[in-house]
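Look for chain A in each of the two complexes below; its partner is chain B in the first and chain C in the second.
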Partner chain A sequence: MNFLIINFFLISILLLTTFYIFKTTSLISVVALTGIFTLVCAAIYVNLDAVDVAFTEAAVGSGISTILMVMAVAKLPEGKKNELLNLFPSILLSVSIVIVLLLIITNLPLLGDPNAPIHLHVTPEYIKESKSIFHIPNVVTNILASYRGFDTLGETIVIFTAGLGVIVLLTSNTLNRKTKFKKKVKK
Partner chain B sequence: MKDNISSSPILNIVSRILFAPIIIFGLYVQFHGDYGPGGGFQAGVIIAAAFILYSMVFGIKKGETLVPIKINQYLMCIGVLLYAGVGVVSIFLNGNYLDYNVLASDSSSGQHLGIILVELGVGITVATVMIALYHSFASFRIKDD
Partner chain C sequence: MVSGLFIIITSQNYIKKIVGLAIFQTSVFVFFVSLAKIIDGTAPILNSTNDVYSNPLPHVLILTAIVVGVATSALGLAIVLQIYKNYGSIEENEIKKVELKENN
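Showing the complex of A and B:
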């Protein structure tokens, strides 16, 4: 019962935040509200006992990405900060996604259903044997680093590549070279 | 937002006090990942948050002297190489790639060692990439001329 009440409360906050994200016109408030949105998502994950996911969501989603978005908004030219875009395409896209999700939702298993396919595949094996094989109590760490070591190596390389890309794109030297190149082409 | 150096004494003092505890908490999350929630990804972001706070309050110039760009970029590569290197070492010890069982005398301590090294690699890469992202965003200027 408590679980349901807390979940209902958090999801109504999510809906309220979404409504204000939709309503507001200044970009900086949209960024702040998105930070609130991800923080509430983290609270929902805690309520679902997914502490590791909640931790990541709180640190990455509402921490670092909000700061980076604030920096990006601060770098925009003055006139563009509060410019209203044509909302019609995005509304159309959102409504069609909602319709598709509502059509699918009846086929999904219920929340916490023990017979859901996700709980029957490899999960029982991991939960049963990982402690005795690896002697490490946190199953999430076992799966992340040992069962799926290749995946995590790939994720690390993705993050590395993303950082490399941003450095190459935004470092001032490259930018100067580019503008000089453009001038030469114009001449 | 010119160089966003804050003149407010409250921000100044609070960030001075918070800098070390944030890093200690990050290290706790890093090395306690085997027993509780946490691990390399979260710890990397938390440690990066301490350095980003420093750069936000004291200015990007001071942040870059604290973590020089060259060293930051080397550390980015070292993190990935540490992860991949653990796999190569386990090949040389007659195991499969990223098979931690062969790293130590028995499989349990081998797993412990392997997972700690791998998570350390992830943590170093994530922390330095986040710092690099912030620094390149903060020192980015759109040239009009």
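Showing the complex of A and C:
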């Protein structure tokens, strides 16, 4: 029961943070609020027994991404008072998605039910065998690095590609639209 | 989760759109991890005092997804910087005005 109360508390903090992200116009405070959002998410992960995920979220999601955003915002102008675009269709879309999701959630097994289908296949073998095969007590590490090593390899490729893209975007001067525009006019 | 989508659609500012995307992602992650929870279970690190562990498989998937999410938002920020260089603004309606001016 304690677990549920803590979870509700944390999720209400999340909702509050999202509301303020929506409301504020100053970009630097939006970035700070995002940092808060991901840190609270890390707390939720700890509460849900996902310690490794909480680690990664706190280090990568809350640390590195906030640093990147601060670096970007430092080069950008202040946010302006925003008039909302597409207010009515987006409210309609959001409400309909919420209704569909709630309908789906009623079909899911209860939170923490040990007999849910997700817990009955594959995972019992992972938990039983991984210690004797790899001699590491942390099952998450075993799956990440050994059972599903190729997944992780693919992830590294994705990150490498994203890094390349960022470098190309930030260093290229040929992309300048205005010079291209002028050339077209001259021709 | 839907509030992230709402922010993406309604904000003018590109940085805010990226933040909305991050919120969307993170809430899906929370949902995924919540499926792995078992009542009275502990973190999936084997020890002698416990028998019930939460499901490690969603944790692994989400670990991968978090890092990929940061990579995508970094790419998005780089694109926004490039847009600012070329248009002098990161607000959607101002960029539209500039485009209209040049087309006429």
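The rule we apply is simple: the second predicted complex is superposed on the first by the 151 of 187 C-alpha atoms of A that agree within 3 Å, B and C clash if a C-alpha of one lies under 4 Å from a C-alpha of the other, contacts with A are read in each partner's own complex, and residues count from 1 in each chain.
Definition applied: a contact is a pair of C-beta atoms (placed from the backbone, for glycine too) under 8 Å apart; a residue touches a chain by one contact, two chains touch by 3 or more.
The shown structure was predicted, so the numbers you read here are calculated from the model rather than taken from an experiment.
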item: Contact breadth on chain A, by residue count: chain C or chain B; value: C
item: Which of chain B and chain C A:Leu48 touches, first, second, both or neither; value: second
item: Chain B versus chain C as contact partner of A:Thr171, first or second or both or neither; value: first
item: Which superposed partner A:Ala32 touches (first chain B, second chain C, both, neither); value: neither
item: Partner chain(s) touched by A:Ala74 [first = chain B, second = chain C, both, neither]; value: first
item: Chain B versus chain C as contact partner of A:Asp151, first or second or both or neither; value: second
item: First (chain B), second (chain C), both or neither touched by A:Ile6; value: neither
item: Touching partner for A:Thr18 - first (chain B), second (chain C), both, neither; value: second
item: Contacts of A:Leu111 with chain B and chain C, given as first, second, both or neither; value: second
item: Which superposed partner A:His135 touches (first chain B, second chain C, both, neither); value: first
item: Intersection of the chain A residues that touch chain B with those that touch chain C; value: 51-52, 56, 60, 64, 68, 72, 75, 77, 137-138, 140, 144, 152, 155, 159, 162-163, 166, 170, 175-176
item: Complex interface listing, chain B residues touching chain A; value: 1, 29, 33-39, 41-42, 45-46, 48-49, 52, 56, 73, 76-77, 79-80, 83-84, 87, 98, 100, 107-108, 111-112, 114-115, 118-119, 121-122, 125-126, 128-130, 132-134, 136-143
item: Chain B partner contacts - residues on chain A that touch it in the complex; value: 51-52, 54-56, 59-60, 63-64, 67-68, 71-72, 74-75, 77, 133-138, 140-142, 144-146, 149-150, 152-153, 155-157, 159-160, 162-164, 166-167, 170-172, 175-176, 179
item: In the complex with chain A, residue positions of chain C that touch it; value: 1-7, 9-13, 15-16, 18-20, 22-23, 26-27, 29-30, 33-39, 41-47, 52-60, 62-64, 66-75, 77-82, 84-87, 89-93, 102
item: Chain C-facing residues of chain A, complex; value: 3, 14-15, 18-19, 21-22, 25, 27, 30-31, 34, 37-38, 41, 44-45, 48-53, 56-57, 60-61, 64-65, 68-69, 72-73, 75-77, 79-80, 82-87, 89-91, 93-94, 97-98, 101, 108, 111-114, 116, 118-119, 122-123, 126-127, 130-131, 137-140, 143-144, 148, 151-152, 155, 158-159, 162-163, 165-166, 169-170, 175-178, 181
